[in-house]
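Pasting the structures here.
First subunit A sits with subunit B, and in the next complex the same chain sits with subunit C.
Then we have the complex of A and B:
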């Protein structure tokens, strides 16, 4: 029984970080109907930012979020303004090709700049025991930070005027435009926030996993699984989906092996697509 | 209130506006001006170009030729959001609310007022149309009539000077119809200008001081409702020969 609780706790801690990454991805899809294949590479940039701030300046990765998140927001804002805005109204395939190109360019750029070496951020270690259940301290810190940031993003979307404008744009861009909402600005804000969240997820993964130029792809596949589970475009759905995926991955890793656990994730993804394609919170297509 | 015979600069003017979709001319060189503080009806049979003209005026689609002015400022090729900021708002033929937002969120989402003022203004607008009791209800859960009223409240959020109502009475029960008419009169008294299109001719005749009739994309008649009602061209357009 204790083992089962331990496995679920580990999964939930992992899910918190997935939620942060997938939240940004689903926000972009919701507001722009663009599937951003470069989202994982924004995570990678965030991870490298924290790595260098830690190695060169000795900056605590959590504190480095104060630098990396505004920076990544700016990267997202510019990417939306210069690139994504040109394909928002184009067929889905166009935006897929563009963001895939951005993904390749960022990966290639990182390989050329940082080399293919695996790096790590030796920040935090050990476990916190509560009763018979051990909480990995790095995962606990990462999860709590991810929950705070996801909560802040959800608060922004639910409570602020621009948050409501973003949700209005997500539900109907044409009506939002006719109602006076500057949807171009709304889209830049959405992309900026999503990129900042991806960068923050990168920071958190930098002290949980190794940092390397292609790390984004692994997390990107999981983020896709999360938003399929939660429902494309639904921020709360992404959160729930991430927790479910974390627990599935953790349980499958315990029962089988890490490699088979990866397969279980994608079997779950396929099952969800077949049985409930709209996910937990997504709306059924008319 | 303005003197009846005194010429006034139109708050909204449409000058030889044309819009084609491929080989079809949806709106053909239509011109008219709307005086401030008036309620004008835009009528015509199905396919006459009313909805296209609404979309052209509100900036949803561009004109091919011609010019549209709001308070003398050309708005012809401005984006819909800019036209809205300049003081022209519209409702839609089929209610287009944000179904996954509450009634009050639907209003706050579109306002440009600071957060605190936005909430106060949204509450005022809801109270004005009698929807305060359902402020926290999701728009999707409201009755069709309530959705129409909510959409009406939404156009008021940015205090526009000119309001376009696209079939506001379609599918609305008589009680809601009466309520809408009361709101329109009240707002006109406050100086708001309305351009309304609807198939409820009796209501439009009673509500409007002037009617503009379109047929096959062209302006067929323009004038006093009593005169329009007796115009054989209008009768012919509606009922055929």
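Then we have the complex of A and C:
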């Protein structure tokens, strides 16, 4: 019983990190119908930002979010303005090609600038024990941070004027435009927020995993699985999807092996697409 | 296609032979014992058409980090050989490509090196997976290849005639660690590994050797590459209560296993990782949690092997960082190729193949270069390192040890 609880706890903590990455991905899809293949590379940039702030200035990675998130928001804003805005209304393949190109360019750029060295941030280790169940301290901190940031983003979307503009743009760009909403700006804000969230996910992974130029790819497949489970475009759906996926992954790893667990994830994904293609909270269209 | 290559070899022959003679007499003849030349300057500046030596090494992709060390070593070797008069008096020109850690890309690139770039000789790529794939190409074109970045024994189980091992096969990586465990009276072992060619070979060899040495294997499981969570696996490991845990792993997973073992309070008396632990970044990333962890190393800067201190110093000077053991195996690959060419006295690939199969020389690596009929490396001796504070001294085998092993690994809670 204790073991089972332990496995579920580990799964939930893992899901927290997936949630932050998938949240941004689903936001971009929701607002622009663009699948951002460079999202994992934004995670990588965020991870490097925190790594260098930690190594050079000794800055606590969680505090470094105060610097890295606005920075990554700017990166996203500029990327949207210069690149993504050109393909928003184009067929899906165009945006896939563009974001894939951005992903390759960022990975290559990182290899040239930061080298292929493996880096990690020796920050937080060990666990907090409640009874016999261990809560990994770094993962707990990451999960809580992810929860706070996802909550803040959800609050912004649901309760603020610009959040409303974003949602309107997501529902129908033409009508939003007719109502006087600056949809270009709404999209830049959406992409900026999504990129900042990816960067924050990078910060969290910098002390959980190893930082290297190609680290983004490790998480992207999982992030796509999460947003299909949660429902493409749904922000709360992504959060739920991430936790569910984390628990499925850790339970399957425990019952079978880590190798088979990978297959279980994609079988779940397939089953979801067949039985409930809109996911938990997805929009019932397309 | 091949005729052109041959013509270019012939064109350089008269001058080449003259100079080769000079070099050889300076080196004290061509006996099998002739050391890999470490001394500089024999015949002045190299002349004639360059000897093109091709290799594709992963400098991007999952093995890009380690592959980079090998590339740097190849380039350092080429620079040094040119500084001391070239290969058979001709300058060496390295043609190095990047296979992106993808075996399929690797095979295409060796086809390209041989058919389009028309290289005279090749050196091996990085990683067992890529080497295994590209050796089918080099075998087809009868290009002898020193596998300076691979060690899975499967490579030498196919009756290939043109591929030669530079360092110990993957299966034997943990022999030293198991010997140490046995000496300390330990009886149970768990083996976990990534499910790719090299880690699988390491795990299989470790399991076989451990059984032979009387250990009971209480747990064995594989995990996929790019794994993001090993907590469930570690929970299972905890229940199996092994005294020794070895991971057939690379750097990112070694760090992940260590972190999650601490979180879930998995305590073993000995913990060892195959590739990750010997890298300097392992200690930097884990801080004091890296302490007590063992790892096999194919080479260490502290070893008193032939020309080692010069190699380390010149590497640091050229690349501005410490060489890793992958640098040393790459450099040794160059040294062995050089010795084989000198022994063959030509760039004739059949003669070089002959030379490689009978050669017995010292390189910067511990032990010697000497292969059996299959090309498997027999005389290289891997050492065992252990993280102790910020250092990772050699703790075995005894003859090369620079420190005593710290044993057992204390429980996480009491550290």
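Keep this in mind: the second predicted complex is superposed on the first by the 285 of 286 C-alpha atoms of A that agree within 3 Å, B and C clash if a C-alpha of one lies under 4 Å from a C-alpha of the other, contacts with A are read in each partner's own complex, and residues count from 1 in each chain.
Rule of thumb we're sticking to: contacts are C-beta pairs under 8 Å (C-beta built on N, C-alpha and C of every residue); 3 or more make two chains touch, one makes a residue touch a chain.
As the structure is a computational prediction, the values presented were derived from the model and not from experiment.
J.: Who touches more of subunit A, subunit B or subunit C?
T.: C
J.: Considering only touches as defined above, state whether A:131 meets subunit B (first), subunit C (second), both or neither.
T.: neither
J.: With the two structures laid over each other on chain A, which partner does A:174 touch: subunit B (first), subunit C (second), both, or neither?
T.: In the superposition, A:174 contacts subunit B only.
J.: Could you look at A:111 and tell me whether it touches subunit B, subunit C, both or neither (first, second, both, neither)?
T.: In the superposition, A:111 contacts subunit C only.
J.: Where does A:164 make contact in the superposed view: on subunit B (first), on subunit C (second), on both, or on neither?
T.: first
J.: Mind working out whether A:58 is in touch with subunit B, subunit C, both or neither, as first, second, both or neither?
T.: A:58: touches no partner chain.
J.: Looking at the overlay, what does A:91 touch: subunit B (first), subunit C (second), both, or neither?
T.: In the superposition, A:91 touches no partner, neither subunit B nor subunit C.
J.: Tell me the contact category for A:182 with respect to subunit B and subunit C: first, second, both or neither.
T.: It touches subunit B, and subunit C stays clear.
J.: Considering the complex alone, what residue numbers of subunit A touch subunit C?
T.: 3, 6-7, 10, 14, 108, 111, 115-122, 125-127, 129, 134, 136-139, 208-210, 212-214, 217-219, 222, 246, 249-251, 253-254, 257-259, 261-262
J.: Considering only the defined contacts, which subunit B positions touch subunit A in the complex?
T.: Residue positions touching the partner: 58-60, 79-81, 84-85, 89-90, 92, 96-101, 105-106, 108-112, 114-115, 118, 154-155, 157-158.
J.: So in the complex, the part of subunit A that touches subunit B is made up of which residues?
T.: For subunit A paired with subunit B, touching residues are 160-161, 164-165, 167-168, 171-172, 174-183, 283.
J.: Using the touch definition from the top, list the residues of subunit C that touch subunit A in their complex.
T.: Listed in rising order, the residues are 59-62, 64-65, 68, 195, 221-224, 226-233, 235-236, 239, 251-252, 255-256, 259-260, 262-265, 279, 281, 284-287, 289, 412.
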